[in-house]
Amino acid sequence: MVDKIKVENLNCFYSGKKVLKNLNITVKKNEILSIIGPSNSGKTSFLRTLNRMNDMNVNFSREGNIFLDDKNIFDMNPEKLRTRIGMLFAMPIPLPMSIYDNIAYAPRVLGLKNKKNMDEVVEQSLKDASLWDEVKDRLDSSAIKMSGGQQQRLCIARILAIEPEVILFDEPCSGLDPISTAKVEEAMLKLKEKYTIVLVTNNVKQASRVGTRTAFFLMGELIEVDKTRNIFLTPKNKKTEDYITGRFG
Amino acid sequence: MNLKLSPKLSQKIAYTALAIATMIVILPVLTVIIIIIKNGWSALSWEFLTTMPKDGMRAGGILPAILGTLAIVSCAICVTLPVGVFAAIYLNEYAKDNLLTRIIKLAIVNLAGVPSVVYGLFGLGIFVMMMGFGVSIIAGALTLSIMELPVIITTARGALNSVPYSFREASWSLGVSKWQTIRRVVLPNALPGIMTGAILSISRISGETAPILFTAAAFYVPHLPQSMFDQVMALPYHLYIISTQIPNMPKNIIFGTALVLLLMVLSMSLFAIVARLYFRKKRKW
Amino acid sequence: MNGKIIDYIIEKIIFLCGIIAIIFVVLIFGFLLKEGFAFFKEYGVVNFVFGKYWYPSSDPASYGVLALIIGSLLVTVGAAIIAVPLGIMTALFIAELAPKGIKDILKSIVELMAAIPSVVLGFVGMVTLVPLVRSILDIPTGLTAFSGSIVLAFMAMPTIVSISEDAIRSVPWQYKEGAYALGATKWQTIRRVVLKAAMPGIIAAVMLGIGRVIGETMAVLMVTGNAAAIPDSIFDPVRTLTATIAAEMGETVKGGLHYKALFSIGLVLFLITFSINFIADLFLNKNKKNC
């Protein structure tokens, strides 16, 4: 399989404190790469470096490079990069506007003017996020009033509307109940066919359910990455085994 | 003083003292308002509001003073609101935590503390003399706009700051640039707060006398303002004049003028205060 | 690409507006300094600062600012003595004792108080307070520093109350919890824990209130009697720095010595309020760190 993202010797710092140590990892096209590890292991920092969200934090600095389709992302325009690498946050963040406008927001700013095309984009995105049937009759109502699970799927639809190539999920189910979680996971597996996905999760079982490959982070270091099956059945590193069997973390 | 009060009793005494202090603070405000309404009510009429003064201002209306104040204040807010909001955007959205930012904040604090009469001096020196606007609406408005700038910046910053950071992140993560995020997400949600702040500012500068004393206000102008470069009568200055400079001034006209000024200022403030409470309750996030 | 350029231009404008406060502070200070220096060169700093007489229209004119500084000081100290205890007590009442609904109403009234124009307060003071002071104290005129202090105390009140109230409210509840756990009554907690923790903020509030009083112009102009002589007591008429500028600027020849002398007074005022605000800001920041 082709490498979609390639990370080379990445070191990251917040206010001078090292949070990622000499990281080398690849993300392959159309896979779900799950990243597991205890809190403060650098998972989310890694995710936020991939789409350069960390650039917005004045205390952040980094060394090393990341390539998207062999082009260095730090040479790209960060806004353009973020339309290619979408991101879903831990808590659903619907913008305080209608459901329709939430989806249409980014395409509109990025230049889509035609109303009919916009309607199509909104419908298709909501369908791909398995939300269309629930909201098609109330697109004009406020997104704030939806349930947590619906809000998170709305956020997925919002990302799909900008047609990215990669989607980053940052513990997307941490605030959701099991049924909503199952719906989001289902959506993720469907999305894998078209997109490349990086999933950060605190939930080891979730990684085993959806991950094509799984990486284990500890204290800012990549301990091990392999096919999910291998990580869970025959981990090479003792620390990985301790973590997935719940002996620490 | 060996007398030791029980904690319960001393608490009771203290609470009573605090309540009385609060009454002493609040009562005079209400008294001032009541005195002005009681004495000024009889002067209030449609004619009083819409005609020129007569008999050396001892009779007739106060129309030119009302219009003059409206002209100065609306010009001032048109200048200070955009500049102040942009400055607030800089501080809240762009500024890094460095020396420059600290100096800016210090400058704002100090600008807020400069006495209003010193603003008057500055306006006289810069706008009236140096720029050659003369004593005029524009000179007074610019003076007031500088004076109000720190207030606008501070309230606008508060409003911007109350918009959750996560909204910005959500927008950035969709590839929307920083300025577009501010324009389409942050500003619309901060707007109620910014507008109530602006109304409070308008109310405040409507009552200011010292800054326009040498920059805009005239003792008496026999016609209504024609252009930005005219001297004008202004309500607070008019009140000062008729209450101190003109002998045998009928009391009810002075009180009437004070009442009009007070109503103008208080109604705007009250509106802003109520609107702010309303928006705080209604906030969507 | 077009959108990029607009973004770029707007961000430049935003930066410019961001630093505009600095520009104005420097401009105001520079301007006062320029006129002030011209005056000092002609008249002498020592004569200005230590001169007892302010007689701009006598021949030769004398521009001694001492009487005016004492006038301002007297009125300010009087106002502070009235406003500080009342203001802090009111802030305590609003922050700690008043029930929710009454709290909002009280805060709104304090805010409305700040909105009443100083010229209106001056006028009401002139027609009610001044005759009252004269008849109660049986003195020749009610236009005194004392009357000025009373009016100004109420003008300083909104600043003192609202900023103190902020400071008191931002005392973390854990502090109080700790005191309650040791069996302290609510009042003991307020007095020993809350007041102490909020003290830097309260000091800042008092300083900002005093700064406002020193800079206040119209009300003092109308009720203090405007006698430019060093007063014997608080029941004498006085003239303040601000009132002098307001009362005399209209009669000066623009660019003349008297004109420049008034700018020098402005410079004195600017320096006083600048230091007060600077120090108050230090206290406010300390308050934030405390909590």
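Chains: A, B and C, in written order; residue numbering restarts at 1 for each.
Convention: contacts are C-beta pairs under 8 Å (C-beta built on N, C-alpha and C of every residue); 3 or more make two chains touch, one makes a residue touch a chain.
Owing to the predicted nature of the structure, the values given are computational and were not obtained by experimental measurement.
Asker: Counting hops between chains that touch, how far apart are subunit A and subunit C?
Answerer: Steps on the shortest route: 2.
Asker: If I average the C-alpha coordinates per chain and also across every protein chain shown, which chain's average lies closest to the global one?
Answerer: Of the chains present, the most centrally placed is B.
Asker: Measuring between Cα centroids, what's the chain most distant from subunit A?
Answerer: Most remote chain from subunit A, centroid-wise, comes out as C.
Asker: Cα centroid separation between subunit A and subunit C, in whole Å?
Answerer: Computed from C-alpha means, the inter-chain centre distance equals 54 Å.
Asker: Give, as an integer number of Å, the spacing between the C-alpha centres of subunit C and subunit B.
Answerer: 16
Asker: I'd like to verify one number: the distance from the centre of subunit A to the centre of subunit B, where each centre is the average of its C-alpha atoms, in whole angstrom.
Answerer: Using C-alpha averages as centres, the distance is 48 Å.
Asker: Give the residues of subunit A touching no fewer than two other chains, as numbers and ranges.
Answerer: Counting only residues that touch two or more other chains, subunit A contributes none.
Asker: I need the residues of subunit B touching at least two other chains; which ones are they?
Answerer: 177-178, 180
Asker: How about subunit B: which of its residues touch subunit A in the complex?
Answerer: On the subunit B side, the touching residues are 96-97, 166-178, 180, 184-185, 189, 284-285.
Asker: Show me the residue ranges of subunit A that touch subunit B in the complex, using the header's touch definition.
Answerer: 51, 53, 56, 58, 79-83, 86-87, 89, 91, 93, 95-96, 105-106, 109-110, 142, 144, 155, 158-159, 162
Asker: Please give the residue numbers of subunit B that touch subunit C in the complex, ascending.
Answerer: For subunit B paired with subunit C, touching residues are 7-8, 10-11, 14-15, 17-19, 21-22, 24-26, 28-30, 32-33, 35-36, 83-84, 86-87, 89-91, 94-95, 100, 103-104, 106-122, 124-126, 129, 146, 149-150, 153, 177-180, 200, 203-204, 206-210, 213-214, 236-237, 239-240, 243-244, 251, 254, 258, 261-262, 265-266, 268-270, 273, 277.
Asker: Give every residue of subunit C touching subunit B within the complex, in rising order.
Answerer: 3, 7, 10-11, 13-15, 17-22, 24-25, 27-28, 31-32, 35, 85-87, 89-90, 92-94, 97-98, 104, 106, 108-124, 126-128, 154, 157, 161, 185-188, 190-191, 208, 211-212, 214-218, 222, 242, 245-246, 249-250, 254-255, 262-263, 266, 269-270, 273-274, 276-278, 280-281
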